[in-house]
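Below is one structure. I have some questions about it.
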Amino acid sequence: MLHFDTDYMEGAHPEVMRRLMETNLEQTSGYGSDDYTCHARELIRQACGQPEAGVYFLVGGTQTNATVIDGLLARHEGVLGAETAHINVHEAGAIEASGHKVLTLPQHEGKLCAEEVEAYIADFYRDETYEHMVAPGMVYISHPTEYGTLYSLSELEALSRICRKANIPLYMDGARLGYGLAAPGTDVTLQDIARLCDVFYIGGTKVGALFGEAVVAPHAERLPHFFPLIKQHGALLAKGRLLGIQFETLFTDGLYLEMGKHAVRLAQKLKQGFVQKGYKLHMDSPTNQQFVCLPNADIDRLSAHATFELWGPRGEEETVVRFVTSWATREADVDALIDLL
Amino acid sequence: MLHFDTDYMEGAHPEVMRRLMETNLEQTSGYGSDDYTCHARELIRQACGQPEAGVYFLVGGTQTNATVIDGLLARHEGVLGAETAHINVHEAGAIEASGHKVLTLPQHEGKLCAEEVEAYIADFYRDETYEHMVAPGMVYISHPTEYGTLYSLSELEALSRICRKANIPLYMDGARLGYGLAAPGTDVTLQDIARLCDVFYIGGTKVGALFGEAVVAPHAERLPHFFPLIKQHGALLAKGRLLGIQFETLFTDGLYLEMGKHAVRLAQKLKQGFVQKGYKLHMDSPTNQQFVCLPNADIDRLSAHATFELWGPRGEEETVVRFVTSWATREADVDALIDLL
Amino acid sequence: MLHFDTDYMEGAHPEVMRRLMETNLEQTSGYGSDDYTCHARELIRQACGQPEAGVYFLVGGTQTNATVIDGLLARHEGVLGAETAHINVHEAGAIEASGHKVLTLPQHEGKLCAEEVEAYIADFYRDETYEHMVAPGMVYISHPTEYGTLYSLSELEALSRICRKANIPLYMDGARLGYGLAAPGTDVTLQDIARLCDVFYIGGTKVGALFGEAVVAPHAERLPHFFPLIKQHGALLAKGRLLGIQFETLFTDGLYLEMGKHAVRLAQKLKQGFVQKGYKLHMDSPTNQQFVCLPNADIDRLSAHATFELWGPRGEEETVVRFVTSWATREADVDALIDLL
Amino acid sequence: MLHFDTDYMEGAHPEVMRRLMETNLEQTSGYGSDDYTCHARELIRQACGQPEAGVYFLVGGTQTNATVIDGLLARHEGVLGAETAHINVHEAGAIEASGHKVLTLPQHEGKLCAEEVEAYIADFYRDETYEHMVAPGMVYISHPTEYGTLYSLSELEALSRICRKANIPLYMDGARLGYGLAAPGTDVTLQDIARLCDVFYIGGTKVGALFGEAVVAPHAERLPHFFPLIKQHGALLAKGRLLGIQFETLFTDGLYLEMGKHAVRLAQKLKQGFVQKGYKLHMDSPTNQQFVCLPNADIDRLSAHATFELWGPRGEEETVVRFVTSWATREADVDALIDLL
C-alpha cells in the first residue's frame, strides 16, 4: 500500500532520532529551561534575522494556534481568517473554547486578499453599531495555506502594511512552513516572514520532527506573559528539551529546508503525473499537498493500492482528493502511484 | 423629530407601569420565587398550551441567547444559524465567550432553509474528519428574523422535523415575537412554536415591557440545572418579581398580541408609503421592521426630521436603512414621516 | 408576617418610580446614549470628585463583578479575595465561567487584611514555580462586606498602597455601598473610595433602585473597551435610560445617603434589641445586615412571625441567622420584631 | 552535580527509545487510529481488568486534567479537590480557563478525607442558597499525591462509595501512578483503581515515557464525545502512534511497575539517609518524592553539589525541600547524596 494521506505518517528524520537517542539519559531541567532549548532558540533567532525575538516551543498546531491567539487578542476582539482557515474548520472549536470568535473572509485559493481585509476593517469601524460586534483584533494566515498555496512577497507585504496601519498583529500559521520556504518560485524567505509578521510559528510536526512547533515573536513584547499562558493551555511540555533538541537539529546544517525541498520536488512530480493523465487539479499547489478532482470510480480503483484523503464529503460523481508528500516520502512510491493513474 | 430607530425607545406599556407602581412597596422573596412570577409562568404555559413547560425570566436578549445556548450545547458542539443571525453579528461575541462556535449557513431573507440545515448535518457526518470539526449541536432561528421576515408554518415544521431527526434542539429567538404573531398572513401561532421548538423565548424588552424575556422549554427537562446557569451568566434579576409582574400583565387580556398588532399595522402603512413613493424595499417584511434602500441624498434630507438606523456601513450612493415601529408608535408620526418621503 | 430576609424585597424608592413614570413615553436612544444617563454619569462624577471618571451602568451585581473582573485581568491572572467574598461563594462560578480563578485569603470579619495581601503577592513572586501558578492580578473587596462590616479609612489606604506598589488594581464591590457610607462611625467617604480604588461600583439594586449598579473607574483608561465587554457579558440594557433615570434620582438631593441612613438606623436598633435580649452576635455589623447566633428553637418560634435567612446550613443546636433592613423598612416592623425576641 | 529536582529530567526508558527507533519510518494513520495505539489500549484494558474501558492517550498532565474535568463537569458544576491539588496550585488556572471552579477542602498529608467530602456535599444541598453556588460535580484526587503520599484501599473505597452515592464521578490524577503502585506497603492495585474510580490516568511522562498520559474510563460512556474534546483542548497528538508505542512498551513485561520499584527503593533509601542524619521529614512519603525540612544553611551547602526544589518560597530559617528519584536514578547518585548530608 502506498501512503499519501498526510505528512505526519512517519516518526522523525533519522538525524532527529539520533540526537534524541544520544542525549536520552542526560539530565536537564524542565519546561524549556535547558541548554538545548536555549541553543535552538538562538538558532531560530539567527535564521530569522531577529536576534531579540521571543521563541517558544509547543507540542502541536491546534494548541499553538489557540495559545497564540489567546495571547494576542483582547476579550472583545476576534481573529480574521479565511473561511477555509484551519482554525475555522479543523480545530474542533479550540479558538472559541478560549472565548474568541473567528471572523471569516472569502478564500482565494486558500488565501486572504489584502484588500478585503482592509475593507473589512474599514467597514467595521464605519458601522454605527460596531461596539456590538466582535472587533477584528488580529489577522490569521497560513503559509502554505490549507490548500498548499503560498502568498507572494508582495501579497504578504500588503497584509503586513494593512495590519500595521490598523495596529493589529499579523499571525502566520506555519504548520508546513518548511514546504513553503522550499517551493519553486516562492519569493518569500524566513527573514521576510519575520520582518512582516508579528507572530508566526515554524512547524516541526509535519516537517521532520516527532512533534513540536516553534512560535516566534520577532518583537518579544508582543506576547507578554506567554509562558504561563502556554501552561494554562496545557501546551507546556515537561521535558522541554525534547523540543529543543529537535529544533536544534532541524536548524543545523540546513536540514529544515533540505527536507522541504525533498517533499516539494516529489509533490510536483506527482502533480505532473496527474496533469499528464488528464486529471483536473482542484488547486495548483506549489508545495507538498496536491488537490485533485477525481471521479469516484478512480477513487475506488486507487484505494486498493494507495491511501489518501477525501477533502470534504464524497461528491455524487467526483470528489476532491488530497495527496501529500513529506520529508520521508520515497521517490519509488511516487513513481508507483503515477504508474497507477 | 420623528423617531423610528428601534422598538425600545420608550419605557413600558402604561398598564405594565401601573402594575409596577401599585405593587411597588409589596415585599416578596427574590430571584423569581414570588407569586407574581409564579402566576406569569402559569399564564405563559397556558398561552403556549404546554402545562408542564419550564419557564424562566431573564433580563435581555443577548444574555438570554448566551445562557440558553450554553445550556443546550455540549462542549464539542456549536450552534447553527443564518449568517445574519443576531448571535453571529450583534452580540459582541457573547456565544463564543461562553466557548461555543456559531456555525453559519446562508440566509434567505434572514431565514434558514431547512434543506440546507439537513444537508449541513448530513455532510458533517459524512466527512471523515468530522471529529476534528465543531458538531452542529442545535439550530438557532429568530422569528421575526433580523430582517423582520417570518417563517411559515410549513417552514417551521420542516426545521423541527430535521432537528428531531438529528436529535438536536431547535431554538427560537423571539425578541420580537409579538410582532411576528400579530403579522397579517402569518400561519404560525404561539402554540405552534411551543409544539415545534425545543426552547424559545418570548421577547418583552421590545414588546411593551421595560425589559425582560421569557424562556420557554415545553419539555422542561431540555434545560436541566438552568437556574444556576442563569445565575452564572449574570442573568438572574434579584427582584425577579419585576419580570413576573410585567409578563403577567403582558399575558393578561391579550395585551401582548394587541401591542403587536398596533405596531405591525403602522409598519405596514409605512411600507406602503415607501412603495408608493417609489422607493425600493430591501426586504418585504410583514412585521414592525422595514428595510428600505435609500439614496444617500434622501437619507441626509430625512435625517433633519426623523431618526432611523443605517443597516451596515453607509454605501457609496445608497444605503439600506431600517425604520421600526413599536407598541408605542403614534399613527400621527407615521403619517408625518410618509408626508416627508 | 415581618420580612427581614434581604434588602431587595420591595420595588424602588417612590421618587425613582415617579421619575420612571413621568418619563415613560419619552423616546430616547438606547444602550445608555441618552441624556438621562449622561446626566447621571455627571452626577456620579461630581459625587466622587472625579470629573474624568469612566461611569458605566449595568443591571445586577454578579454580572457587574464578572464583567469588571474580566475587563481588569489578563488571561494568566486571577482575582484575590476573602474566602467569604461574594464572587467566591454566591455567584455560581460566574468568575470562573469567564476563565478566571478566584484566589482566596482568610477573612477577618469578612475583610481582607492588607498585610496578608502583601505577603501573598511577595510569596508568589518568591516561589520559583510562580509561572506555573495563577498570578494575583487584582484585589477584590466588598464594602460593606458580606458580613455587613466596613473597612476603616486606614485599612483601605493600606490596601490601596499595596495594590499600587504591586501595580494591580483594587476593585470594590459596593452592592450595599449606600449602607456603608451611612454607617455611624465610618471614616470612609465616597470620595475616599474614588481616590483609593481603581474601579468600584455603587449598588442600586439593594439601595432604592429597581435594579442597577454604577461602575466607576476614576481613571477611565483602566477599563479600555469596556462597552463591548458589557455587551459580550449580556449586561447591556437596551433601554439604558432606565438606569440613567434611576441613578440620576438616587444622586439628586442626597437621596442615596438618606436611604442608607434610614436602613442603618433601624438595623442598629434591631441589633440593640438582640443584644438586650441576650443573644450572641455572630458579627458586630455597623450596617444594615445583622448576623445573630440563634438557638434552633428560637429560629422555629420566630419563623412563625418573621422571615429571615439562615446563613449557611442549619446547625445542630444553633444557627447563624441574618436579618436585613433596607431603605423601605418600616420602623413599626422593627419594633414588632424586637417585641417577639 | 547530582540531580534530584524531579522525575522528568531524562528522556525515556531505553526500551521505549528502542521501540520508537525501530518503528520510526513505518507509516501509520494519525491521531491514535494506528495499530500500536490499538494494542496499547488493549494492554491497558487487560492490566486494569476492564475489557470495555475507554482508553485515550494525551501528551501531558495539565492538559489531561483540563480535558477530563471539562468532559466530566456540567457548566454549573465544579471539581472538589484538596487545597494542595495540582489542579488548584500548579496548572496556571487551566481548569478555570475552561470555565470550571476548583472547590477546595483541607489536605491531610496531601489527601482528601472521605468524611469531609461527604460533609461538603451534604452541607451544600442543605444550604438554602445552593443554586447560587457552584455544585460539587466531581472529586479529584491524586495518587500518589503532590506530597508523595498514598490512599489506602479503605480510604479509596470510602471516597468511591461517597461519590457513587452522590452520583458524581471520582477522578484520579495518576501522573506518578507507577511510583504509587510500586510503593512498599500499599494495598491498592491498578485493578482496584479501575474498579473504584470513574476516570483516572496512568502517567507516562514521569514514569519512563518521553511524554504521554493514558486516560482510562472503565465505563467508556462516562466520557462521551471525548475525542473532539481532546482536539478542542489542543491535546490531540498528530502522530498518535508515538503514544501508542510508548504505552505498549510500558505495559509489556511489567516494565511500568519495574521502573516504579526502582525509583521507590532509591527514594526510601534516601529518606532513611535523611532520617539517620537527624533531619526532619515534612511528610513521610512511601513513594519517589521526599519532602524534608532543611535549615537554609544546609540548603546552601548542598546546592553546591546537588539540585533539588524548594517547596514554596524560602523560609526565614528553614525551608521544605523536595528530592525526587525516578526510573533513571542511579544508586551511586543516591549514595553520593547521602554522603553529603
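Should a chain be cited, it is by its letter among A, B, C and D, assigned in written order, with residues numbered from 1 in that chain.
FYI, contacts are C-beta pairs under 8 Å (C-beta built on N, C-alpha and C of every residue); 3 or more make two chains touch, one makes a residue touch a chain.
The chain lineup, named per UniProt: A, B, C, D = Low specificity L-threonine aldolase.
The shown structure was predicted, so the numbers you read here are calculated from the model rather than taken from an experiment.
A.B. asks: Check every other chain and keep only those touching both subunit B and subunit C; list them.
C.D. replies: In this structure, the chains that contact subunit C and also subunit B are A, D.
A.B. asks: More contacting C-beta pairs: C-D or A-D?
C.D. replies: By the number of C-beta pairs in contact, the winner is A-D.
A.B. asks: Need the CA-centroid distance for the pair subunit A / subunit C, whole Å please.
C.D. replies: Centre separation, subunit A to subunit C: 49 Å.
A.B. asks: Using mean CA coordinates as chain centres, what's the subunit C-subunit D distance in Å?
C.D. replies: Those two chain centres are 41 Å apart.
A.B. asks: Report, in whole Å, the distance between the mean C-alpha point of subunit A and the mean C-alpha point of subunit D.
C.D. replies: Spacing between the chain centres: roughly 33 Å.
A.B. asks: Could you list which residues of subunit B touch at least two other chains?
C.D. replies: 75-76, 91-93, 97-99, 131-134, 228-229, 231-232, in rising order.
A.B. asks: If each chain is a node and each touching pair an edge, is that a line, ring, star, complete or other?
C.D. replies: Topology of the interface graph: complete, with all chain pairs in contact.
A.B. asks: Subunit B touches which residues of subunit C in the complex?
C.D. replies: Contact set of subunit C toward subunit B: 3, 5-6, 8-12, 14, 17, 20-21, 23-30, 59-64, 66-67, 91-94, 97-98, 205-206, 210-211, 228-229, 231-239, 242, 307, 328.
A.B. asks: Can you list the subunit B residues touching subunit D in their complex?
C.D. replies: Within the complex, subunit B touches subunit D at residues 70-71, 74-76, 98-99, 131-135, 224-225, 227-229, 231-232.
A.B. asks: Quick one: in the complex, what on subunit A touches subunit B?
C.D. replies: Per the touch definition, subunit A meets subunit B at residues 75-76, 78, 89-93, 96-102, 123, 126-129, 131-134, 309-310, 312-314.
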